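Each structure below appears as structure tokens.
Next come two complexes built around chain A: one with chain B, the other with chain C.
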Partner chain A sequence: MYQYDNYDQAMVDARVAEFRDQVARRLEGKLTEEQFRPLRLMNGLYLQLHAYMLRVAVPYGTLSGKQMRMLGHIARKYDRGYGHFTTRQNIQYNWIKLSDAPDILADLASVEMHAIQTSGNCIRNISSDQYAGVAADEVADPRPWAELLRQWSSFHPEFSYLPRKFKIAVIASAQDRAAMRLHDIGLELVKKDGVIGARVFVGGGMGRTPIVAPEINAFITEDEIISYVEACLRVYNRYGRRDNKYKARIKILVHELGVEEYRRQVAEEFAHMKALGLNPPREELARIAAHFATPAYESGLSDDLDRSDPDFALWVDRNVTAHKQPGYAIANISLKPIGGIPGDASADQIELMADLAERYSLDELRVTHAQNIVLPYVKKADLYALWKELEANGLGEPNLDLVTDIIACPGLDYCSLANARSIPVAQKIASRFASNGRDAEIGELKLKISGCINACGHHHAGHIGILGVDRKGTENYQLLLGGSGAEDCSLGTITGPGFDENGIVDAVEKATDLYLRERTEGERFLDTYRRLGMAPFKEAIYG
Partner chain B sequence: MADFITLRSDEATQEPVVTLESFAGQSNATAVRIEPGEDARLLLGQLDRISLVEVNFPAYTDGRGYSAAQILRESGYTGELRAVGDVLIDQLAYMRRCGFDSFKPNAPLDDADVEAAFARYPDVYQKTIDGRTPIWAKRHEDA
Partner chain C sequence: MKILTANDLATGDVVWWAGDGWSRLLEQAVDTGADGEDIGKREEAARHVVGAYVVDAEQTADGPRPAHIKERIRGLGPTVRPDLTLKPEAGDLTAWVI
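Moving on to the complex of A and B:
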């Protein structure tokens, strides 16, 4: 994985020194909260309902064991012993003291990490495929491009005061594991006539106006990605709406201009950009790519597994994914224990995962947008020993992609924007479906819960989505069906009137009961919904 | 405390500044002010006669002026480019990177803070019109 050189380290160290100075000025009263707010936001520090929340960037979701261990240390020393992995492959701490924040950033910098631009109206952490480098279907490892974009976007002088936040995803497979088309810019690396380039999608997003990003350019060569993205951003910075925060994302600009006109304006700006020499040379991409070189796999390993322990066999079937290298496997660690908080891990668990990565996964982990952890390089022969340790420490839940593997935002338990709680709903649904065994019977079902219209819990993209709203002072939950964040990207449709907390759990069960009755061989919930349409589901839920 | 900061060696332009709209009709005007919603490219045919462009930042959060500045510099403008309005310490370095070479903030800035802001970051990750060598280029010079 990527390692900082002296330049990268000096930039991050400078940021720590700058923020330490800003916090000191704030604590001494030289800066008002109003003046301090934009400064702390550029460093990922939010003021939430009960305390400060710090969001730490995990670039494209890739971490070393040492970095993961530091995340555990921060949870123990500065938080209440927990960290929360997010849908943007980052980690958040919910109980941070302002006076500790500079020390936390210094601790992060000591392991080549930071919280730069994890908040604010700037280019946020670049996200990617959690199986990058180990997926059999990729045209290239997307992470060198993601790292190139990370550096380009860090401290970008022209694009740090955009109309609104800006999220970029890079993938390199036809299978989309990163919800690429629900980003402000989605790049899909493709190969044309033996040359690598990118399909460029602009103007996707969730929030109150969900839009699947249209394709703006079918192929831009790898040497011109930076200048093309720069052109996309300049048009947005100049013409994106600033009169209404809810209409300020680039998706609204692209929608209002029309795809053709936006594409034309980008082309014009790009023609101008081309002459400016903004793209790093090939040698720079090669330098970065060398950090992501194929590891020294052992050859001649067996693909056999001893499946005599049925619990282990179940975990393998559910949580282990095929690796491109014979003898190896991709192991998913579910952070969705039944009745737990989706995405949460204790300091002990974080440190254990760091150890396991060092021992079993070539010292590397990934964070997924579904709020789980991946060990990407596990020898099949080690899977049983790995599983034993996970199992003993509350990390062995065999539920990847099941209805209990829920994405949920922090909701009203933590977030100052939320209208309703998300966590208790996730806990009730998981408990209901796990206790009656329906989770296993149903198979793949992506359920996503947001506690408000801002959609941090990706409810628009859930096969089943749940949106918490405030109805005359009480929490109310709307149900959506038919969304997907994958390559078959689609937005869910609201079924009808909302429900209270218990009612929404019943409604989900009625929808899945219908699916179980109606499904044909091999159909997932989403497929059955797409085949039958909304009407029978509505009838089952409200009839 | 400084209420005007310049990075230029020449005298600051004292000419009266006119709006972009009236600039086109006043052939003797040499100083013009751009508001956030205005298109800096409208000036491109007339850069030769301009000695000062003021770019207004009514609120620091409105970043359109950064693109206006870059466009003018990329198009060869070499006169004074002044950021005026809600210009705060923490925007100065980015403004300079986009080509601003003078600053007239609404509220005076502490001289030591200004100096620290310009000196804070040792290097830059992007190529802009300020001519600084980006990190990606330095890496391969060193090699």
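Moving on to the complex of A and C:
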């Protein structure tokens, strides 16, 4: 894992001191809310439906045991005993006192963490593949580039006041586990003629205008990545709309200019930047990459597993993923207990996961955009002991990628922007499908729920998506089918008129019943939908 | 009726204007008539609260009931965590919210 150098630590410590002073001045009346609001947002502190909410950055979703333990400590000491892992691999606390915020940031800084750039019109936390460094199918480890981008974008003076927020994802596998093409910039590391470089996708996103990012450049070399990304941002910063926040994202600029013209302008800017020699030195990438060196794996470990406990075998089949190193496995911890709140974990659970990472996973965890946790370095011989502890503490749900492994935004239960509640719908769907084992029978089905059009719950990218809307003051839910955030990226299509809370659960069941009747060997729900099209699903749902 | 809500500046708690100060209890909210916005601005300037705004509500036997579900959830707390509401002992209050 990357560890702060003196510059990193000094920057974060200075920001804590600065924010402590700003909070004191606000409470003393020396700053108005109008003056203070952008300052608190720069430190991830929102005012939400019930209280202040703090969003803490988890760079590309990677945490050490010590950092995870601190997240549990914050949940217990400053919040109400829990935290919420988000669809951008971060964590949010829902009940923060303004007067406590500086102490929380100081606690975070003590473990090399912060909440900088988790809000505002700047480059947000870089997201990545939760299996980075351990996936058998990756061409390179994306984390050094994600870290380089993090350092480059932190306090970047030119990009601190962009037209709108800006999200970047980096992956290095053909299999996209990070919804890369639904980011403002998506980078896919690839190898061409033995040379590492990147495909560059620009102008993707969800929200009210969902767009799958088009490819802007099929290959830039690894030395050019930062400069090229900077050129992409410069064109956006110059021409992105600032007069209308709903048209201010880069996806609108790319769409309105057209891909060819945007590509041409970026190329022109890139040529200018190359002449200036602004690429970071190779030594810096090498310095960062050294932090992500292959760990000292034990050799000669067995790949055999004792599967005599059927519940353990089920969990292995569902939640354990192949590791590139013989004798090791990637263990996925579901934060989706049936009837629970997607992405929530108690302080006790967070601390337990920190302990388990230290004992079983070379002191490392990952947060996934699907709101689960990954232990990336577990010896197969340790899986049973690990599972026993997870199971005993409400963390052993064997439902990765099933219909019960639902992404849900906080919705109207917590969010002041939401139009409808997301969590109760997720709970009802999970309970119905788990009660008769149909979740396992259906297999992979990614269901994603947003409580408003801002799409924090990624409803556009769900095989089944649900969007909560406000219809004359009451909650109403639209159903979408056919979305995907993976390498077969697509946007869901609305089926028709919306439903009330119980009606949407019935509608999901009707759609999956049709799938079960019509599927062919090996077809996922998404495959069957793509083969049959919307009409039979519409008939099944409304007919 | 019109009632006034805000968040306590230091703690962030949801509060309701109770006539002579702020209360965390929605049932203590009073009808501000046409004065809500002025009270909100005055209280924000005094650094008691932040984000004050007026909402429509109806008076019921149990006290004011906001017209929109968003403020009903503000008044109760998250419907999915009754243990964190102001009335955890009251059991399922979802029906009141919906």
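Note that in this section the second predicted complex is superposed on the first by the 543 of 543 C-alpha atoms of A that agree within 3 Å, B and C clash if a C-alpha of one lies under 4 Å from a C-alpha of the other, contacts with A are read in each partner's own complex, and residues count from 1 in each chain.
As a convention for this text, a contact is a pair of C-beta atoms (placed from the backbone, for glycine too) under 8 Å apart; a residue touches a chain by one contact, two chains touch by 3 or more.
Everything numeric here is computed off the predicted structure, so don't read it as measured data.
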item	value
Chain B versus chain C as contact partner of A:Ile494, first or second or both or neither	neither
Contacts of A:Leu532 with chain B and chain C, given as first, second, both or neither	neither
Greater chain A contact set [chain C / chain B]	B
Which superposed partner A:Ala14 touches (first chain B, second chain C, both, neither)	first
Which of chain B and chain C A:Thr474 touches, first, second, both or neither	second
First, second, both or neither for A:Glu283, with chain B first and chain C second	first
Partner chain in contact with A:His272 - chain B first, chain C second, else both or neither	first
Which of chain B and chain C A:Arg421 touches, first, second, both or neither	second
Touching partner for A:Gln151 - first (chain B), second (chain C), both, neither	first
In the complex with chain C, residue positions of chain A that touch it	26-27, 29, 33, 47, 49-52, 80, 95-99, 341, 412-414, 416, 418, 421, 423-424, 427, 473-475
Chain B to chain A touching residues, read off their complex	36, 39, 60-64, 66-68, 70, 74, 88, 90-91, 93-95, 97-98, 116, 120-128, 134-140, 143
Chain A residues touching chain B - in the complex, by the definition given at the top	5, 7-8, 10-11, 14, 17-18, 21, 35, 38-39, 121, 151-152, 154-162, 234, 237-238, 242, 272, 276-278, 280-281, 283-284, 287
Parts of chain C lying in touch with chain A, wherever the complex brings them together	7, 9-14, 44, 47, 50-51, 67-70, 73-74, 77-81, 84, 94, 98
